[in-house]
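Note that the chains are named A, B, C, D, E, F, G, H, I and J in the order they appear, and that numbering of residues resets to 1 at the start of each chain.
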Amino acid sequence: MSLATLDVSQHPNLRTASTTLFEAKAKKQVTFEAIAKEIGRDEVAVAALFYGQAKASPDDIKNLAKYFDIDHGTLESQMSGFPDRGKSIEMPPREPLIYRLYEIVQNYGYAYKAVLNEKFGDGIMSAISFSTHVEKEVDKDGNTWVNIKLRGKWLPYTRF
Amino acid sequence: MSLATLDVSQHPNLRTASTTLFEAKAKKQVTFEAIAKEIGRDEVAVAALFYGQAKASPDDIKNLAKYFDIDHGTLESQMSGFPDRGKSIEMPPREPLIYRLYEIVQNYGYAYKAVLNEKFGDGIMSAISFSTHVEKEVDKDGNTWVNIKLRGKWLPYTRF
Amino acid sequence: MSLATLDVSQHPNLRTASTTLFEAKAKKQVTFEAIAKEIGRDEVAVAALFYGQAKASPDDIKNLAKYFDIDHGTLESQMSGFPDRGKSIEMPPREPLIYRLYEIVQNYGYAYKAVLNEKFGDGIMSAISFSTHVEKEVDKDGNTWVNIKLRGKWLPYTRF
Amino acid sequence: MSLATLDVSQHPNLRTASTTLFEAKAKKQVTFEAIAKEIGRDEVAVAALFYGQAKASPDDIKNLAKYFDIDHGTLESQMSGFPDRGKSIEMPPREPLIYRLYEIVQNYGYAYKAVLNEKFGDGIMSAISFSTHVEKEVDKDGNTWVNIKLRGKWLPYTRF
Amino acid sequence: MSLATLDVSQHPNLRTASTTLFEAKAKKQVTFEAIAKEIGRDEVAVAALFYGQAKASPDDIKNLAKYFDIDHGTLESQMSGFPDRGKSIEMPPREPLIYRLYEIVQNYGYAYKAVLNEKFGDGIMSAISFSTHVEKEVDKDGNTWVNIKLRGKWLPYTRF
Amino acid sequence: MSLATLDVSQHPNLRTASTTLFEAKAKKQVTFEAIAKEIGRDEVAVAALFYGQAKASPDDIKNLAKYFDIDHGTLESQMSGFPDRGKSIEMPPREPLIYRLYEIVQNYGYAYKAVLNEKFGDGIMSAISFSTHVEKEVDKDGNTWVNIKLRGKWLPYTRF
Amino acid sequence: MSLATLDVSQHPNLRTASTTLFEAKAKKQVTFEAIAKEIGRDEVAVAALFYGQAKASPDDIKNLAKYFDIDHGTLESQMSGFPDRGKSIEMPPREPLIYRLYEIVQNYGYAYKAVLNEKFGDGIMSAISFSTHVEKEVDKDGNTWVNIKLRGKWLPYTRF
Amino acid sequence: MSLATLDVSQHPNLRTASTTLFEAKAKKQVTFEAIAKEIGRDEVAVAALFYGQAKASPDDIKNLAKYFDIDHGTLESQMSGFPDRGKSIEMPPREPLIYRLYEIVQNYGYAYKAVLNEKFGDGIMSAISFSTHVEKEVDKDGNTWVNIKLRGKWLPYTRF
Amino acid sequence: MSLATLDVSQHPNLRTASTTLFEAKAKKQVTFEAIAKEIGRDEVAVAALFYGQAKASPDDIKNLAKYFDIDHGTLESQMSGFPDRGKSIEMPPREPLIYRLYEIVQNYGYAYKAVLNEKFGDGIMSAISFSTHVEKEVDKDGNTWVNIKLRGKWLPYTRF
Amino acid sequence: MSLATLDVSQHPNLRTASTTLFEAKAKKQVTFEAIAKEIGRDEVAVAALFYGQAKASPDDIKNLAKYFDIDHGTLESQMSGFPDRGKSIEMPPREPLIYRLYEIVQNYGYAYKAVLNEKFGDGIMSAISFSTHVEKEVDKDGNTWVNIKLRGKWLPYTRF
């Protein structure tokens, strides 16, 4: 089994905590799924934490420090600030896996808008009051499928 | 209830079929959900058809022509070619609803990659061998949520 | 007194309703402030309606049709769809007045983020559950000032 | 309570003073609100000072040096020059909180222009002869709102 | 002597008034200098009016209508709105004459900033409370020189 | 009085001489005006020298080395090459002071072209055979104005 | 032999004269070389005239009108203005022939600069006081070569 | 006489050999013309070698090592790979000298294409099977001119 | 079976011949493979002809005119000029099928370069002296594969 | 014979393994062809491994470590993660060899799409379930040709 790792020279603009966490993960040889179980969060959220795209609660920091045997004070100083999101990537994404997600937005963007507007009215699906989850499916023919669920609060435009 | 419509001056690069279909839809005053039931496809797929982002089968064209009372030959000549995808939008998207989807890719792109790589190996989730579905949820507190499901075949990189 | 007008050759991607409404406004020679009083909405919201950046309620359409003596059916067919926002402008804005607002975001963006994060936690100010209002102020020295108020719901990131 | 911090690897183009100040702030564990009270400026202005987007007066430097126990000469040499604004951010902003402000300009830009032109004539709202203030509001239903006030001098175009 | 003209196919996003005015100018065969004398404005300002980059006063419109024998009502409806500046050009400019001005900003931008900051403090030279004038100079060796004068109000940053 | 300084982390692509010179200037606490008088050049030209946008003559290098007490050989090796212009800035400029100059080109570019073409024929104002000068003006009402003079040789297009 | 033609749908931003001239050329079936001989200019200059990148003298217009049997008044009104250069192309060029020229600048740009600086000092080769000529060469092995000559006045930077 | 030099902080993406060679050149105080004579290549080609835009033959490396008294093994390891062209510049070029060459392509690109197509048929002038040469000319009036010759093989499109 | 068609509103910058040819193809209901057999060229070359990316020989024009029963003179006037390549697409491509080819260049670009340099020396594979061919393959498991062959002349860099 | 090498200053965003591998290759003086034979993969795949664009299997890592005499643990920690593809290049490519491939996509993109759609239906050629191979050909006239084969699985769009 291979693990997701971070090569800092490829991501020079991530916060220091990313280096600390990915190094600890590589040393302990654990998956995001395992970490997620340990700290009680979704694995996508955990990966987002590692890339500096999500906020860690004080308990998250404690749990991560303990699990990875990192000095708590160090991790706290590196992770207690607010995420400066969007630093992990340049758009359009060049990574093929991420590009496919981008392409879904490019191809189906207006179709989603039309359907959501008709179902919910004038507004948006929040990307903040939002969660996501990934699941693996093997169909009866042995083919493997990815299922990604996006769940966001519907926010209607305020009338003023 | 409001319906999704098309103002051609806002989308000068869509194919002629988009105008034909959206005008028919506005005249008949039907939702994508209703059309989807009629022709047996998902409503997002139907909206994608209207925006020229999906291919219509010969039956789709017959069904749409009949349902909207459009001359079959006209619709066939406008829809029987292959979609030239990506003409409905410029990236980054300026429409707030579509931007939120783009932002999900921007923020969680590397998190998805890390989790998918660990779960499935080196590869991508196909955006072609792919389907999507939208559902409305009202939680016990009366809040409305959007659920978007993305399901794509996992494609491992060929070793050569 | 001069009135804001629309020259379609300068905005070829606005929806047809924008032409209809701006022509009616020019003919009737009324300000957005006057229209706003008539239909009971904020004048910025009314201008946004004219530029296709806000949704008109059925009553708005009735009121506008009556006030401007436009055929109701025509206006309804042009305005009852959902706004396709972002078509009025290309970023960065070239208009100096709008550029100054853009510059405020460019210069104070991170300062706002830092202060809002400390005051509200990890989240964003919604631009959807949002209203805005403009006021004129003349100070005691006779200088004229613009006051723009932005009011948006605070949305905390969901923990997942 | 969490504090806004700076991770230099995420902002390699900020001036040295930013590092000095954010480190001192993290060490002293104080909010921008607290610093603002101490040195008699608005908290947004203080955050702007930290990000190198505003000029410090000699008194500001003295007060900051004393409050944070930084060597006055060091801070003076780092802060006495003129701000080189715009180095903290790349546009369009990728941070969701800042993007929402950008989106307000994108969506309401022409609406603001139309309303301001009608109210004030041909000119702009200055972003230089300008101040801003942020306030927290909790409404009767317990919802939290952000109020941002922008106040800029109206500058009419010179006739020549 | 050649006159500056407008070919609309090269500038499809100028307002209608530009076509009206340039056609009238071509018909009457007059220079901007001559028009400027007639209506009492600087010739650069007059050219800016023609390109839709400056606001015409009611008197300007009357004078232009009379001078060019254009129907006053037509010209008024085309020119009485507020200029939507920035539509005449795409940046970086491709026209060599305009590019040279752009290059001056690119090459000397920071030099101007450094000198102006030292002479005036922290602020900007206004481009709104601003006028400009062009003069021709032939030196003693018979060489021809362009002199462009830029005069803008100094706006200091507000302390808040 | 404040002095213009250079923070290298904000300008990583300037030549080494810029660091040497700005450090010496900060140490000696002198303005560009003072340096200009000392070495007999315009203060904008001196600032351009500091930012690597102008060529220093052997005498300039000698004078600067002497005035700032820098080792002549060091300064000569850093400054005797040919300037690699355009490294100090990214366009469009994000600094508000420089942006205003850029905006003048954006807004008045075609007006300048039209007027210059009519006055001089088909050609350009050189930005190479060019000088510029800045002056401060206080009008009778006590308002402060910036005057920037641009003087460039007129170059007619060669007929071939 | 094939002739260079213009398909207006591929160049919607060229001036009207381009259509007039290319249509006349197609009708008369003549090369640029032939036209050049007729009106006494270089063939590249003639092609530039056709694309609106060069100014026609009154004699050029007379000669072209006569040669192509176009109404002189029509051609004069279309061609007597000043060229608005740069409208024929978007950079980087997508046409392979033009891209190769662009690539020469990209690859050898700094080499030219270094060599020219050492040979001529600090300055530029003018692209205005400039002519160019194309020649065909067949070497002894029967290979065909293109020779392009660029000749521009050297402009030294003014010392100020 | 001044020499072309390299300031690495201005060109962080050049290969290591560029630093080695430019330092040696600065130490030995020689022009590209002198080096060219020494190693039997054109001076533009030599400058291209220094900027990493051309391949050195084994003899070139030997000759350069000897001429500049650089360790042969070091130079060989730095120069024996294949050039990764295009790293010396970002387009559009900001250096005025190089911009003028870019402008020639922008202005005369389609004119060259039209003339070359008529003279040679459907194809391109190669930028690979290509050489270039620079010459200085002083005309009878004492004016200095740059002559740049471009010579490239004509490649017709293959018919398939 | 479906045929590739052209919707002009999606490709406004193609030459007129594209419309003529695609309309004729739709009317006659033939594939590119069939046309290729008829006129003796590769089907990719034929499709390129239809999109204006390849030059038609006089015989091609005759054959196409006859096969599609188009007036020869009309087709000749539309097709006898030289292709203005690159007008069919904007890069990066938004069409998923074309994007995959672009991604191959993005992902394997440097790998191809390294391998080709080692096999052939310093040079390029020509895209002009070039042909390409597409084949369908069904493997023993019934999977369908696309085979694209690219064949280009190797061009070594000229030493000068 | 020359070998492909890596100069890290030209590719600062490649992963650490790239440096390790290219240094080992330079030391051992072997081609990609030789390495490919040794580890049983295609030479393009090997070069892609070196540039971090392909995943190494555990056996690949063992083989490479042994062949190049690199510490296995070091290489494993640098190579066992998942490739973060797209970091080796910026698009459009500036390297002429790679640009030619990009140009093939630009010029023939829609031709490939049209032909593939007609041959295979609505879908794409996978760039993931994909392999490629390069071959050298010398024709009977002694000319050298590059043959690149692209083989990708055909993926039809899912109907939903």
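In this section, a residue touches a chain if its C-beta (ideal position, glycine included) is under 8 Å from a C-beta of that chain, and two chains touch if they have at least 3 such contacts.
Just so we're on the same page, UniProt names per chain: A, B, C, D, E, F, G, H, I, J = Cyanate hydratase.
Here the structure is a predicted model, which is why all the values come from computation and not from measurement.
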(message) So if I look at the partners of subunit E and the partners of subunit H, which chains show up in both lists?
(response) F, G
(request) From the options F-G, E-H or C-F, choose the one that repeats interface B-J, i.e. more than half of its residue-numbered contact pairs are shared. (result) F-G
(request) Name the chain pair with more contacting C-beta pairs, choosing from H-I and B-C. (result) H-I
(message) How many angstrom lie between the centres of subunit B and subunit I, each centre taken as the mean Cα position?
(response) 29
(message) Counting only Cα atoms for the centres, state how far subunit C is from subunit J in Å.
(response) 51
(message) Using Cα averages as centroids, what's the distance between subunit I and subunit J in whole Å?
(response) 24
(request) Please list all residues of subunit G that touch 2 or more other chains. (result) 2-4, 12, 44-45, 55, 82, 84-86, 91-96, 103, 106-107, 113-114, 117, 122-124, 126-128, 130, 132
(request) Spell out the residues on subunit D that touch subunit F in their complex, using ranges where they run on. (result) 12-17, 52, 55, 77-78, 80-82, 84-87, 91, 127-128
(request) Report the residues of subunit D in contact with subunit C in the complex, numbered from low to high. (result) 1-4, 31-33, 43-45, 47-48, 50-51, 53, 85-86, 88-89, 91-93, 95-98, 100-127, 130, 132, 134, 136-137, 143-154
(message) Going by the contact rule set out above, which residues of subunit H touch subunit I in the complex?
(response) 41-42, 44-45, 54-55, 57, 82-83, 113-114, 117, 122-124, 126, 128-133, 155-160
(request) Using the touch definition up top, name the residues of subunit E that touch subunit G in the complex. (result) 2-7, 9-12, 26, 93-96
(message) Considering only the defined contacts, which subunit C positions touch subunit F in the complex?
(response) 92, 94, 96, 99, 103, 106-107
